[in-house]
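First the structure, in the form of structure tokens, and then the observations on it.
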Amino acid sequence: MSRIGVFVCHCGLNIAKTVRVSELAQFAATLPDVVVAKDYKFMCSTPGQEMIANDIKQHKLDRIIVTACSPLMHEQTFRKVLAASGLNQYLLTIVNIREQVSWVTHDIEEGTAKAKALLNGAVYRARLLAPLTSRVIDVNPDVMVIGAGIAGIQAALELANTGKKVYLVEKNSTIGGHMAQFDKTFPTLDCSACILTPKMDSILQHKNITMLTSCEVSEVKGFVGNFDITIRQKARYVDHGKCNACLACTEKCPGKGVSEWDEGLVKRKAIYIPFPQAVPQKPVIDRDSCTFFKKGKCRLCEKVCEQKAIDFDQQDTFIQVKAGAVILATGYDLMDTKPLIQYGYGKYPGVYNALEVERLFNSAGPTGGKVTMRDGREPQAIAVLHCIGSRDKNNSEHCSRVCCMYSLKFAHLFKEKTSADVYQFYIDMRAAGKGYEEFYNRIIGEDVKFIRGKGARVAQSPDEEGRLIVEAEDTITGKFIKVPVDMVVLSPAMVPRADSRDIARLFNLSTDKQGFFMERHPKLAPLSTMSEGIFIAGVCQSPKDIPDTVAQANGAAAEALTIVVKDKMELEATTAMVNPASCCACQNCVRVCPYGAPFFNESKGVSEINEALCKGCGLCASVCPSSAIIARHFTNDQVLAEMEGLMEF
Amino acid sequence: MSFEPKILGIACNWCTYTGADLAGTTRLEYPQNLRVVRVMCSSRINPSFIFRAFQLGADGVLVGGCHPGDCHYNTGNLYARRRLAVTRKILEFAGIEPGRFRVEWISASEGNKFAEVVTEFTRQIKNLGPQNKFKISQ
Amino acid sequence: MSQTVTPYLEMSQAIMEAGGEALKKCYQCGTCAGTCPWTPITDFNIRKLVRFGQLGLDGIEDFMWGCSTCKFCVDRCPRGVEIIDVVTAIRNVYSGGGMLPQSLRAFVGSLSARGNPWSGDQAKRNDWAKEKYPLYTKDKEYLFWSCCTVCYDPRNTRLAKATAELLNQSGLSWGLPSVDVNCCGESLKKVGDLELFERLKNNNLDYFKSNGVSKIITVSPHCLASFKKDYGDDYEVLHLSELIARLVKEGKLTPKKDFGGVKVTYHDPCYLGRHSGVYDAPRDVLKSIAGLDFVEMGRNREQSMCCGGGGGGLWMEKLKGERLSDLRIEEALETGASVLATACPYCITMFEDSVRTLNVDDRIKIKDVTELFLESLDVNIEELMAGASDLNFTCKM
Amino acid sequence: MTSSFKSIEENLKAEAGKLLESGRVEIVLAYGRGYDENHPMPFVAKHPSDVANMVFNEYCIHNLARYLVRYPRGTKIAVAVKAADCRAVIQLIQEEKIKRDDVVFLGIPVYGMKNPKTGEIIDSKTTCGMYNPVLYDVLLGEEVHGQKIVSPYDVLADYEAMDKEARWAFWKKEFDRCIRCYACRKACPMCYCDPCFIDQSKPRWGDKSPQSHGNLMYHLTRFHHLAGRCIDCGECSRACPVDIPLYLFHKKVAKECEEMFGQAAGMSIDDKPALVNFRVDDSDKILE
């Protein structure tokens, strides 16, 4: 016989508006084994919690049912109340009558009836709840940060400064990410390299940070506190241990490859560093453009290298890394605007996308900072087209947040570096950050022409050779406007990395429609995810500017710290166990478990479950024909009892 | 009084249950015939739960899980897809209208899909009328 | 017109109830007006029209007739607003109050009295066929839906005859509809008279049902789009060019005559291309003809320029310099082509007009893909086409 | 009949004798004399001398695979297997209940077996309808070819065509007659769970007494437990004292599994049982 306490919450009016809470409490009192049935305005408030604690002691309750909001909201809160009053925290059931009843109906009859049915089910289930002790495991103190753009760099530094060991994994041959490609940053027009390279350098110098460039994650095992991650170190054909970065090899190399760093605007050598301040400042060889790999001869760089650091038969290697928490900061790509044929990107040489223009401005870029077009001319008239692919049902429905601001920055830089007229085709000028509106006013002051109308088409000018015509509707005058320009800059949508879905699958995250990682809660937990111990920061979660990215990076570092700062960790106790008496050795459980928790004990002839690896999904319990596996807290009889209770009314 | 069906919902905690909560926070309305049991993964659902649900008098059973590839436990729902498909075929061959048992993949961000599915499924069950084949009459 | 306006929300509510529901999704970004081929050459502005619809402002009547429903804006709208439905709804709400322009009054009157827009005698619908071709009966596989324009308009009866002849040559079992069918109503619906459209539609549906029609071939993309979108989805509807392309590929029809290098360019009718997604079939048919030197215009396929005939445009007066068909003819001439091929009777009519008003009819001929294909089958054209003329009704000569 | 029952019996005895003498196997599972000629019984030979009372005729319908799991793991066993029985052994190997090299397959190609109860010829209406064993170490007769191949699922046609109410009435009548003697479970080589789920009380999946909803839960869950594993040998139906046509339901589930997962039970030892396996691109259609 159990002594059940039922506590019904009004949640102010949220529940009480469409569920007769006091009637519900009286109904609860009539159910068998219910000793105490009360309703109160705010169960999750301190007086509410104290009421439960007192009733437990006073009435010696051994099961608690809280009928309030979703268990995903306050199950932990009430578990702590039980633990504090000496009752095992798993002897608790939450009945969700807010999100799934009162908020989804206006009919108080319907709401109350459904609440009664749910409560009845909970009472059936509560009777069969068993006390569980959650297990404690040790936590690996290190943290892994994936992606070394400004978000990854910032998070790695914050963590390393607290004394924690950080593994910073970067797919590219240098850290820095897209920010290192920019010349200036809005709104302060700080030189991007000036504020970023010191941080990149402190990453290089920091004793707690292991930098793993040209690396990708290939496999993830384990769970929060004990991740076991396999990193694939791609072959660089240069032994960075020996290389002293004299870069003699890069002068001699005849190989010609398209420079990804300069967005394909210029060629680069086969053995190269992406940009002068690259960290590590040691070259890598690109197989596809190296004449040795292509035709089997050359090896000039090897001859020139005094350190004998060139090694053509280097293979990909795998590094095993253990970590207690992981921060994903994989950043973004710009949408490929070639499919939008109306803008002629890829067809007309005068059409550029934003990152290409960033490289044009950059003094380490292909044109040394001079704004010259692909055919060498300096543009006299430039049009910047906003919202290309963004805010567009047919491409990316989201607003990419930063294009208005960097388009304004472009306008300023064009005005500063050329004598060109600059036109901005925009829908809404979104300048909502600190100092952003002031920056917008400053740009207006610099005589930039703003046309409120989305760019509709870019066509070749029929009469002037090599010039383009931007067609749009100036919605303010309602006139169809054709603006002859030399250069068109597209501000494309920010979209997640092409492989963001594979990384999400590796770390067990879900993504939204576009492929941005899904946070645990959009407002209250934007940096954590549904997977314990995996955190996200920066644009991989959704488009944002550098200040927000840095803030998120610090936040993610703090959240990761909450895990690795403790050396022990309490794990959910709702794992599974095998009742050897009923096990018929069919080994179904061993075959299905995604975590390899069950194993077959040959000597005893039965299966057993390694509870450290078990995550409590219950798959083995449902494939076990003789129901020998008990999925704690969701056992067969608990689920069957709850179903019976739900169907009784 | 028109026939008000009793529908049992079994929802996976990470996706469909969270989606149901989202339907609540965005104040979408849907009929209240559904009573939801929360399990950690759609793969926790033992086929015998479904047979027992119909025996307990459920007029319809709705199972909700994560989209294939989204499962919090990697492959849970991929096994569940096969097991629940076989359950469906057994129910159908035994004589239960196929419309009474339905499996839907609803992710944590698809609050509106959850509301639509529940509304449409409730209407479908109302048309099929009460289920008294498996039902154990007390 | 005073500069002060007050929102008249009952009007915008009426527009939304008449099918313009999507206008509330529009955030006035101007892409539609920037894309619309009419904005550069007329004072019509689709974004402004939707804006007036959003707030029910008066003064909307002046420019609600400029749209030829070419669907360019719908394809590009970042909010996915079904702009054509909004235009149709606005016209429905306002044309109720006698706001119909003068030139459309005859068009609507003829449709409601005679079931065709050309004031042709209903009984004479099949006279172009001179009893040479079979009527549709239950046992036949295909119904060749002869659009009113190819039945009554002398220039376009050539299309009807060419199609009929091709169907015979292909050996398919087909038949013509009887005279008690009427116009598919596509243009009528876009002009806004939804009630009359329903009546015409139901009359046709009764004919289809009582005769067990399942497969329909249309020569006009307007009938094609209307049957596919508004007539329910239990009919398999094909445009003639799709059927010919398939027959050529299956080897049932093979062009014989060599055209000796005549340069031909192709204009994608909006209702065949953007509305129905058929781009390649007509091109395959043209390219299957030996000696036909095919050349594409600058604005082709999804970016094809509208001829101006849609949405009632065929029956409306356009000032000189405000006619898209003129611009399209100039674009065709630039390719050096001597034949402008297309696949829609409306486009044929508009282009035949423009070719004469620009008096370049000696430098470029207007041909339907069907006519060209028939010529390549060395059928005796003159004898077949006796009675048809080069000029159509609306010719100004 | 290419090789007569007699010649198969001779070969069986010879092979069994050789295996026992060489010590290659500890026991041989075959058929022995029953209380009369028409009712042979499963027979276990441990010494070469036992081979004498082995017998083989058209009534040896038992599926000897079910005895393999009753010996301690690792015992070397030779087993006489007809076409269906051989698939059962393969399925047991797939489920790692026995190891391939612990078993010697004595394959028997055969047709024209008779059901001892009714005397009718057993054909693809109540079994998988295969003539030759899928896998064997020794073949005790010539392979049977040229026989009419009838799909084992044709018999389902008119049951599938039945409307739902009629089919429910049919199965309710059948399941109500079940007396819960569990002979079907005993006869089935795949049912090696001890205790079976229906025998348990925590949770009580179904009533123990033989009335409709307890029977329903038992049979439906068993059909699910055998999905993708049942090799359609028909033993359960032949063993049923009240003749419930269980083979129909098993055939239907086997047919659906084959269609949905593209894999029949027990056809190859490297297959993985269908319901403990998945394909990422299993189509969602199977759920509609």
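Labels A, B, C and D are assigned to the chains in the order they are written; within every chain, residues are numbered from 1.
Here is the rule we go by: a contact is a pair of C-beta atoms (placed from the backbone, for glycine too) under 8 Å apart; a residue touches a chain by one contact, two chains touch by 3 or more.
As the structure is a prediction and not an experimental result, all values here were calculated from the model.
In terms of the stated touch criterion, the partners common to chain B and chain D are A, listed by label.
Inter-chain contacts peak for the pair A-B. Centre-to-centre separation between chain C and chain D, using Cα means, comes to 68 Å.
Distance from the chain A centre to the chain D centre is 52 Å, each centre being the mean of its Cα atoms. With each centre defined as the average position of its C-alpha atoms, the distance from chain B to chain C rounds to 49 Å. Shared contact sites, meaning residues of chain C that touch two or more other chains, are absent.
For chain B, residues that reach two or more other chains under the stated contact definition are 47, 52, 69, 75, 79, 83.
Among the residues of chain D, those in touch with two or more other chains are 197, 205, 275-277.
If you check each pair of chains against the touch rule, the ones that pass are A-B, A-C, A-D, B-D.
Residues 582, 584-588, 591-592, 600, 605, 623, 625-627, 635-637, 640 of chain A are the ones that touch chain D when the two sit in their complex. Listed in rising order, the residues of chain C touching chain A in the complex are 27-35, 39-40, 45, 47-48, 76-80, 302-303. Those residues of chain A that touch chain C in the complex are listed here as 341-342, 387, 391-394, 427, 452-457, 471-475, 478, 480, 482. Interface residues of chain A, counted against chain B in their complex, comprise 70-72, 96, 98-101, 103-107, 110-111, 113-114, 117-118, 121, 505, 508, 510, 512, 518, 530-531, 574, 592, 594-595, 615-619, 621-623, 627, 631, 634, 636, 639-640, 642-644, 646-647. Across the interface of their complex, chain A is touched by residues 6, 8, 13-15, 17-18, 20-21, 23-25, 27-32, 35-41, 43-47, 49, 52-53, 56-58, 66, 69-70, 72-76, 79-80, 83, 107-109, 115 of chain B.
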